[in-house]
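Have a look at the structure below before the remarks.
Read from first to last, the chains carry the letters A, B and C; within each, the first residue is number 1.
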Amino acid sequence: MNWIYIFVTGIIFCAGIIIFLIGRLYRVRDQLSMIQEALQDIRHGNMNRRILTRDDDMVKDICRQINAITANSQTQIVRLNLAEQRYKQLMTGLSHDVKTPLTSLVGYLEAVQDGKVSGAEKEAYINVALDKAHDLQRFVESLFEWVRLDAGERPFQLENTDLNELSREILAGWIPVLESSHFTYQIEIPETEYFLQIDRNACTRIYNNLIENVLYHSQGNAISLRITENDACVEILLTDNGKGVPIEDLPYIFERLYQADKSRAGRGNGLGLAIVKELVAGHGGSIKAENLPESGIAFTVTLPKNRLIT
Amino acid sequence: MRALLNLIQIEFLKLRRKKFVAGMLFAALIMPVIAVFYFGMLDTKELDPIKFYKWATLSYTPWILLPVVLGVLSTLLMYDEHQNDMLKQLWVVPIGKLAYFFSKFFVMLMYSNVFMMISAIGSILAGLLSGLIPLTAPSLLFLFGKCLEISLLAPAAMLPVLALAAAQRNYLLPVGFTIIYTFFGFILLMTNMYLHPLSAMTAILVRNDPVVILNEPINTGKAFLVLGIWSLISTIGAGFALRRSL
Amino acid sequence: MDNLAIECRQLTKRYDEQSVVNQVNLNVKREHIYGLLGRNGAGKTTIMKMILGLTAPTSGEVLIFGMPLQRNEKRLYPRIGALIEKPGFYPNLTGTENLEIFAKLRGTTQSDAVRKALDVVGLPYQDRKIFGQYSMGMKQRLGIANAILHDPELLILDEPTNGLDPIGIAEMRAFIHNMSAQFGKTILISSHILSEITLLADDIGILHNGILLEENTIAELEKKNRKYIQLEVSDAAKAVLTLEQDFSIKDYSVQDLHLLHVYDTSLDMGKINQALIQQGITIISAQRCNDTLEDYFRKVTGGEGIA
């Protein structure tokens, strides 16, 4: 009698194992057909497709690897699309930025040539035309500068320089302009020396573009600048009390031709901050912008200390 | 199958930090403690352990305490998801409505098992420590066998409450219903035990007990049929209610 | 690959003879942000619930990635992340525990998905705080974390900025923008605030009393939002000279040899016309574009406006 019990128990045990294995097989088969379907979708270009798995699935690792691959290509595709889109925007923006001063310039010169004006008025017309030509020239130059920076073709002449001394020199030139534009200013530069690897021209350009940006776009009337240091780097903090930048636009203000003011009013060619970003990067540093809690914007330029940039 | 196992596992995760759910288990010890005083006062000599167990664990505990506790538990299991509007988040996972209902039922099953085991062990300890009963193998076998029967049948008998909780947003109605439901289960045992799942359950439990005399001969098949029908109706009703829950 | 993520055809929902949603044809393109704009009670939530299969439509159908949801639940739900009305979670569990439950239910696309999702929304991982003690803002964040936990292709977000403070609103916007700009997700978002939609969306649907009044791209609508005078003249160079000299206008742009945009719309057009004609410039057309989007929406909704 006993061996029958053992036999039956054995059979039940085996049947249990078989049922378990069949269940497992079905689950894997289901998942394989799911993977198959997802792969087909991915092959048709849907890089957003993901495959979900649980931690105890047999096919977990395969699915996760497929997910990693698609996620990766998706980021790359999105980046390429974005670059293309921005390139298109650049071209349309560019054509308006060139056309507007050029048309006006033609207008003035034609008036002079047609003899519509004479004497002092003629002189004035020619001056206006010349100004416009200069504007255009400056725009083309900064565009060229930016393109060279963007392509990494500008050579940086880094020399060991005292940032504080250089900053004082540059800002001294700006003080009359600030005063005549009715800006109050507060400048805190330490008396000590901060020696860094600096390209003098680039540094001047960084200051000029940042201050011009405040003067012409912030709509504020106060500017403050402070230089501080810590163990690893030197920070230049420039703030104003203007209107700031809408938070959704903040990430883009260092991109070429970005203008917060969408009606394209006012002067400026939208290249200033893009150039600053490239120049700071050329020093191995970084720049960020944040809105201040009350009003205005704060630019922080971070330059690394004592490091040779190649 | 695996999906259901996963759901059941998750149901237990949801009970973390629910002190009330754990606290209700103490109700299992009420009857054993009272039994010690009851038999102690009677001052009977040579008390039959089976008689003690019947009183301490197999009477009011399955008739009243366990149904009420399970009713409250089923309300609690459903309440959070209803109250916090979570069902829509669960349906888009997606989770099957019936799988959801069964996973709750399974929690009740496990809970009633633990409850009855606590009650059984409580009775044994209470009886031994007070010196009222000796430890005998047949009585232990009887006790644990009955406890297993109770813990399997009681959740099935309480399915109507779980279904009502699935259909209701607030907890007052299912809790109130639990008390009335339990009460009627108790009353109907004496008049017509084939109407109410709880009385049918009791009938199955006392099927070959010579001491209990009911006004009708016990027909286990009929009792199981009653339980089955009520369970089916509850499940269908719950499925319907959950589908309309939004 | 079918180009639409969501396609609603003649979608209608009636409660006791009163239609809440009426024959809506809504089309959400892949990798676009679609903004569903409408006042409270316009039927936005009902449409989203019907899309998600949480409410059955009275008539009409919804296709998601070209398939009906019914009988494709297991295939489609894992590709959708949703936040409908207030997000609900288990009040006795921490944020991490709550998400772990959903991760276990759905499965995940990568290891430590819970931690990454919490990172994205800025909630701490392994925090002791239980959901019952969360502030409104934290609850909303956890809702978002749950919606992106399985890295879905399609996000359906119902009024995601509701109940958030200004900083929270700005962060939520940045998050939604990021999801689209960095990861190329398709997003359907509803709002009763016009500016919110115009800031985020690529396409917009205007819902009013259950009817989809207009469905268009934002770029197309923005054309209706420009404030300038468009002058079409025979000679732009001459015209520019007159504008600068006689009216001292500096704020303009030249579109091409004949087309000018002047951004000061308060100018006296009569005088400008006269001056231009005097200079021998022919004016082919002059058009004042002075509509704001708000004005436009007031027009399409029959004077009631949106927000």
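Some points to look at:
Please note the rule applied: contacts are C-beta pairs under 8 Å (C-beta built on N, C-alpha and C of every residue); 3 or more make two chains touch, one makes a residue touch a chain.
Since the model is a prediction, treat every value here as computed from it, not as a measurement.
Judged by the touch criterion defined above, the protein chains are all mutually in contact, each touching every other.
The interface carrying the most C-beta pairs in contact is the one between chains A-C.
In this view the innermost chain, defined by its CA centroid being closest to the centroid of all protein CA atoms, is C.
Distance between chain centres (mean CA atoms), chain A to chain B: 65 Å.
Chain B and chain C have Cα centroids separated by 52 Å. With centres defined as mean CA coordinates, chain C is found 24 Å away from chain A. Multi-chain contact residues of chain C (touching two or more other chains) are listed as 104, 106. Touching two or more other chains at once are residues 54 of chain A. Within chain B, contacts with two or more other chains are made by residues 6. Every residue of chain C that touches chain A in the complex is listed here, in rising order: 1, 31, 75, 78-79, 104, 106-111, 150-153, 170, 173-174, 177, 181-186, 199-200, 226-228, 236-241, 244, 251-257, 263.
Per the touch definition, chain B reaches chain C in the complex via residues 6-7, 9-10, 13-14, 16-18, 80-81, 84-86, 88-95, 246.
Residue ranges of chain C in contact with chain B, taken from their complex: 49, 52-55, 73-74, 77, 80, 82, 84-93, 97, 100-102, 104-106, 130, 146. Note for the complex: chain A touches chain C at residues 34, 37, 41, 44-54, 57, 63-64, 67-68, 71, 74-75, 77-78, 81-82, 96, 99-100, 102-104, 106-108, 110-111, 128, 246-248, 251, 263-266.
Taken together, the chain A residues at the contact with chain B in this complex read 23, 27, 54.
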